[in-house]
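Labels run A, B, C and D following the written order; every chain starts at residue 1.
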Amino acid sequence: MTGIGAGLLLQLGLGALAVVTALLAAPSLRSRAGGILCTLIAVTGFITGLAAMLGATGGLLIPVALPMDPLLLAPDRLGGLFMLIVSGVGILVSIYSMSSTSGPDASRTAWVAMPVFLVGMQLVPAATDSVSFLLAWEIMTLGSTVLLLADHASRASVASAGIWYSAMSQLSFFFILAGFAVLAAASGGTSFSNLQAIEPGSAAANVAFVLLLLGFGGKAELVPLHVWVPRVLPEAPSHVSAAMSGAMVKIGVYGGLLVCVRLLPDGPAWWGIAIMLVGGASALYGILQASVSSDLKVLLAYSTTENMGLVFLGLGASMLLRGYDATAAADAALVAALLLAVSHAAFKSTLFLGAGAIIHATGERNLDRLGGLGARMPVTAVAFGIASLGAAAIPITSGFVAEWMLLQSLIHGGRQGGAVVSIAASVAMPIAVAVIALTAGLALLTFVKAYGIAFLARPRSVEAADAREVPSLMRISLALGALSVLALGLLPGPIAALVATTVSSDPTAAVQTVGLGGVSLPGIGAVLDPIMLVVLSALVAIPVIVAIIVSARRHPHRTVDLPWGGGGSRARPRMQYTATSYAEPLVRVFDDVLKPSRDVQVTHVAESRYLVEHVRVEQTVSDVIETRLYRPVLNLFQRYGKAARHVANGSIHRYLTYSFVALLIVLIVVSL
Amino acid sequence: MSFVLWIPLVGPLVFAALSLLLRGSSLRRFVGVAASSAVLVSGLFLISAVLNGDIPEGGGGILRADALSAYMLSVVGAVGLISTWGGLSSAASSRTKNAAGYEALIALFLAAMSLAVLADSIGLMWAAVEATTIATAFLVGHHRTRRSLEAAWKYVILGSVGVAIALLGIVLIYAASVGTDTPTLSWILLSQSTRGLDPALITAGGALAVLGFATKSGLAPMHSWLPDAHSQAPAPVSGLMSGVLLSVALYAILRIQSITNLVIGPEFLRTMLSIAGLLSLLVAASLLIRQRDYKRMLAYSSIEHMGLMAIGVAIGPAALPSVLLYILGHGLIKATLFVLSGRILKIEGTPVIADVRALLVRRPGLAIPWLIAMAAIVGFPPFSIFFSEVGIIMAGWSVGLGGVVGAALVLLLVIFAAFTRLTVQMTIGAPATTVPPSPQAFTPDYSTHGPILPIILALATTATIAFVAEPVGTLLLQATAVLGGTN
Amino acid sequence: MFETFFPQLIGLCTGALLLTSALMVWRHSLLASIRLLALQGVALAALVAVIGIAEGESELGLVSLLILSVKGIGLPWVLAYQSKASIKQIQESTRLNPTAALLAVTLLSILSYVVVSRVFGLGDSSTGHAAPIGLAMVLIGFLLLISRRRARSQLIGFLVLDNGIATTTFLTSGGVPILLEFAVSLDVLLVVLILHVFTGRMRTKFGGTAVDQLRELHD
Amino acid sequence: MSAIIIALVQVVLFVFLAPLLMGVIRQVRATIEGRAGAGIWQPWRDLRKLLAKNPVRGTDSSWMLRVGPVALVVSSLLLCVLLPLVGTIPFALIPSDLFVIVSIMLIGVVALALVGLDGGTAFGGMGSSRHMTVAALVEPTLLLSVYAFSIPAGTSTLSVIVETRLLSPELIISPVSVLALVALSIAIMAETARLPIDNPGTHLEVTMLHEAMTLEASGRDLAWLEVGSWLKLAALLGLVSNLIVPWGIVTDFSTLGLLIGVVSIAVKVLVLGVLLSVGEIFLAKVRLFQVPELLAGSFALAFLAVTASYLVA
């Protein structure tokens, strides 16, 4: 058995052990034991994935009773990369969740489901045939569904989230199944090596492409299949949200890459444009919803849609450009998409864990009731801050590098050697740049809001005022996450070069390392060295800091209750801007898209209609796609279901008539 | 080896007689279990014989156990064992005067199903299928309430009429064989390709026979008896009916199909079964959306699964191993679910979904196995239904039934969503009481209210069987080969 | 001698079968239906006997006796197992008016003629010519099942359907193997007995035997 | 080496120039409005005053009030280092890449917004919210307009873009360039909180953006915030002036060239400042909710510029 095979087998064994341990261990030990085992699973996956990414081969054969192509788990380089992403998040999440000792997070169910979820996620990128892919995929879905429901007894909304999640997951699953089935039918086998033999322009390839895109898009939270996201990610326990958003969603991305890079690599131009459209729409819609959300976890959930939209935008751009032989830009776009996925895994899982820490400390996830946590929870604040910078794509974090590379590839994609590549590309690229720019701008606002409202200013509720820093294991996990965000941002060169090996036949032509971990795109002629940027900032900061030190020695600061307070001393914390008010201008600007419902109730004083006793303003921003697209369909189904009851109205005569009519029809058909 | 063929027929009959003799003895409870075990053990024996290349025959060629028959016999035994064992608690509680008859009828039911799968003659097979109706008529009406009487009446009328249509079809097939040298009903003889049977007669006969057996296998539009009968029968009986009776009827369809395929090719029955399968899925989807009764929910789920199996049968050899595995997986899981539903019904006193809330919090002992079995029945891995569904869907596209399978997927999605919603309504969430008066007033009930071992066995078997390439894979291939498939 | 009469005999028997079936659709009295059913059983037995003589198979004679005892005598007796006085008063209120029902009978007969002619090609044998009668009886039996409200009337419909199958069997292939014939008869007998028991239970539980009271189980 | 010297010169020059620019702008405006004005050196005096005061900080304000202003200054200083102002000789590892420049600017934007929130009052949050809304909406224009500039040069490095325009001046007056320049100017007005988006002179709370965020800051905290904003304005005006009039900028390092570069950029920036000030006389601040329309218009211009440069060229 090869090392990869042993690694996969070890993961399965550890997974089984973790399940058994969770079933048998005493409640006090369960989280510790489960957490350690899950960490071990993730570490094993990390090593296995790294080995696979560096080119090690080997695999694990799953026996199956049905006559199918062999179910082989043998990750290639790309699969290895995604195993790495998933297990990296897995490590963070496992460490984080170890410290919960009571409640639903520490329940037996949760700890049985966690290893199942982790193992399932890691086996998906290892699969080399559609059936084992689907097998691992469904194990992942099952594990995550159970984890999501862990909290079901405390909030009614969990059950509804569970239904949405299962139904949408199944939708994705069926799309993928159908897509693979179409490909398998056209190529005569279920293994990926068979599937990729299909002719790119054929009808089957087109149908399969659409089906698979829909399936993976659903898992990757792309519009309009994202509706589960704002329900599920907030309702799941935070470490599960972190794993879902940080890792599971990447499996959707992996699926997209599998289709676009490996199975159907040379598709027609409209494939790339379609992916760009879906990605761009998701990015904009996701960030718009995130920016106006006041629920921290809903905000993070929608932001996931945004990031995945950008990943697919990059993927689509890369397909489109490759179709026009703009190889350098195409490679850069693809590597950028991958880097974005990697970096999203780092910052989004940290953000969700940070949200978990906030909930742990305050029991609140409504930003309007938070505030002032920076002083009370310093480690969380710093980690969340760094991750927010990553999400807002600010240097020197990982998010910035990825977005920079994506933009570089786009602005160089419209032309090659001075000539316009194609009309399609020269229209698509500026739109894509504009979309990314607006997305980036709104992301900036979103995360300034999230961080500023939660951690800065004065506490807006008693819970926030009484918050204490979270236990050490949670802090360690948060710190690790934040460090990874910084590390990925500071050393993009080696990472990008490594990532490029997974998708490019000639990785050094696409990406090279320059300076101290800087990245250069030789085909495009763009260079970025974050470490040099840090050095430069430090150099220009020195005089400023010296000036501050000198000034501070001469003129120490005074602390007062409120320095100015808007001109009065009665400025209470309630009068601060909240998250809702922070986003209000944006809601107005995008009124037509967001369709907020406003309700103003004015209560007049009994004596006079001209005097107002109090005014109540309510504004809700619901998911337009859900209310306009899904609700009508669901209502239709409900009405249909009610009407359909008449089919089984209890009358035996009616039932006999069914049989009789069937008999008559068969007789008529037979005699035709 | 041929004496083994008689064990599943005679054994249950002996136990049935014993049950009538052992009035008042506590041992009587175990008659069903013993009869199922006899069937299962002989089925496993026959499987091992078949795998060794032997094809036991008996009774002057009336009984025959090839790979398919042996497999089906084992499924009957296994599902019977799960149902009867799991239903021990409910059987024991009903210490009424007709309890003896109950056990005897269960044993008879098992014997009839064993005969149906072992008979070499289609005629005998038909008689055995009809005998299952007779054996289960009183089982469905066991509770002697108005509702169970209604269910039993509908079941017998619709079932007998349907099976009568099947008889008409078999008669036509026989008429076709009369046109050749040796009139016969032995399907092994009928399915010899060189006989030169009349295609028109075989078309008509095959169509009518399939239509008739479709009634027993719960395919729309002949399914109407099923939700009523399944919801009113005692839980173990529902388990047996849903788990294997439907599949035994499907087995009959498979046998008929293997004859018609040789004479008129697969197209005709493929169309017919595809339509029936899709209709079944449509009916299940439509009526699950606003379902109110959890036993009926399970019944419609059976219609759904039979529909998908019918589509698998329509697809042909490429999907048959999946269909056969499906029969086992669905049988075991559905039996488990019915057994559990019986326990829930007994303890909660209501079959209405809306009245059973927060089961996971209140009665984890029942809710956890229920949820696991639900996950299995909707097709989550590692349970074997997952592989069966994937196998059928994949095979469907490869034989050009992409449209049918695609439509099936759409309906399956609706069914999945409805099923999930209903299950969540039953199990998930907090109990309705807003403020529990005191911690003592609310203690979770961890009891399983009956034997848990059969449920664990059923779930474990379904979870692992798909990964047992040897000998299950070989057996499934051999069984497919029996039906004329080379795949 | 017999060969010349054979077609006429076959025609007589099958005609009696079809006539009794049609009359059953027409008549609403339960007692009349039971009598017609008995007559139908006799006609069926006679048909089998004629075919048996024509084919020269003694086995069919046995079958004929079996049919006579079960369908001509046994089942009608079971159905009429109640004082004649009370049974006379039972009138069926059908779900279909008689004109429409008889029209349906006609249509179903035509359909069965078309089907059988397509499937069998009719041939030139007299049995072949008569074969549509069997199918027509099956369909008429089904019609009875659908249109009758009372439990026992439904039962009669089922028996007509079954007779139709038997007719088809004998007219198309001269009967199935004796073992199967025996099994079929036994099955039918048992089903009727079971339904009879249920009818009794229905009377105690529902206070009547109208099948359309059975509407408690629905979605 | 020459890159380092130029960078050093740029930083020193702009640290000196930025307050002067502010002084000039204010003085020109005062003169035109018929006021005496405080003189062009007033910003320097303000700075000295602020640095010499004891800053007052609230109990609830966090380290952000201390770090934020520094971050803003550093980001503005980095702009001065990286932008092609005096010379177009870039650092090898961090060339004046368009996207890097924008994100460095965004660091300052974020720092300012967070400082605004940190005060824990209604006005700070309000300013921060409006500031971020404008920043978010302005970003597409900003990126697309520079994208349009980058197309003829084939790179997103600003130094190269400026050099290209120096070598082929016909690019400057091409319609594409004009469109892009107008769009960029509007974007820069928005980024630097100038009229018509924000009124830098106002202290009427309901209308203000930038000033609202600095209300709670005092002493050296306020000083750094002011310096940071001034530096940003100066650097961006320098960039615009070099895009319009690239002549005088150092492309090959020489002492004389450097001197010319310094003088020319100082003149260009100050002239542009005077023009800005004169222009602002004739402008009124638009309503906050009309700002998006303005930005949408500028976005349309920028987008047109990009597509035109693809399709025309």
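Quick note on the criterion: a contact is a pair of C-beta atoms (placed from the backbone, for glycine too) under 8 Å apart; a residue touches a chain by one contact, two chains touch by 3 or more.
Predicted, not measured: the structure shown is a model, and the values here were computed from it.
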Those chains which touch subunit D and also touch subunit C: A
Chain ID, smallest distance between chain and overall C-alpha centroids: A
Averaged over CA atoms, how far is the centre of subunit B from the centre of subunit C? Could you give it in whole Å? 32
Please work out the Cα centroid separation of subunit B and subunit D, and write it as a whole number of Å. 76
Note: subunit B sits from subunit A at a C-alpha centroid distance in Å of 42
For subunit A versus subunit D, what separation do you get between their C-alpha means, in angstrom? 35
Shared-contact residues (touching 2 or more other chains) in subunit D: none
By the touch rule stated above, which residues of subunit B touch at least two different other chains? 153-154, 157, 161, 165, 203-204, 227-228, 287, 290
Which subunit C residues touch at least two other chains? 115, 118-119, 135, 142, 145, 211, 214-217, 219
Should the pattern of chain-chain touching be classed as line, ring, star, complete or other? other
Between which chains is there touch? A-B, A-C, A-D, B-C
For the complex, give me every residue of subunit A touching subunit B. 62-68, 130-131, 134-135, 138-139, 141-142, 149, 152-154, 156, 158-159, 162-163, 166-167, 170-171, 174, 177-178, 180-182, 184-185, 188, 190, 637-638, 640-642, 644-645, 647-648, 650, 652, 654-656, 658-659, 661-663, 666-667, 669-671
The residues of subunit C that touch subunit A in their complex are 95, 111-112, 114-115, 117-119, 135, 139, 142-143, 145-147, 211-212, 214-219
Taking the complex as given, what residues does subunit A use to touch subunit C? 644-645, 647-653, 656-657, 659-660, 663-664, 667-668, 670-672
Of subunit B, residues touching subunit C in the complex: 121, 123-124, 126-127, 130-131, 133-134, 137-138, 141, 144-147, 149-154, 156-157, 160-161, 164-165, 167-168, 171-172, 174-175, 178, 183, 185, 200-201, 203-204, 227-228, 231-232, 287, 290-292, 296
The answer for subunit D against subunit A in the complex is residues 11, 51-64, 70, 73-74, 77-78, 81, 91-95, 97, 99-100, 103-104, 106-107, 109-110, 113-114, 117-126, 128-130, 132-133, 135-140, 142-144, 147, 150-151, 154-157, 205, 215-216, 218-220, 224, 288-289, 292, 299, 303, 306-307, 310-311, 313
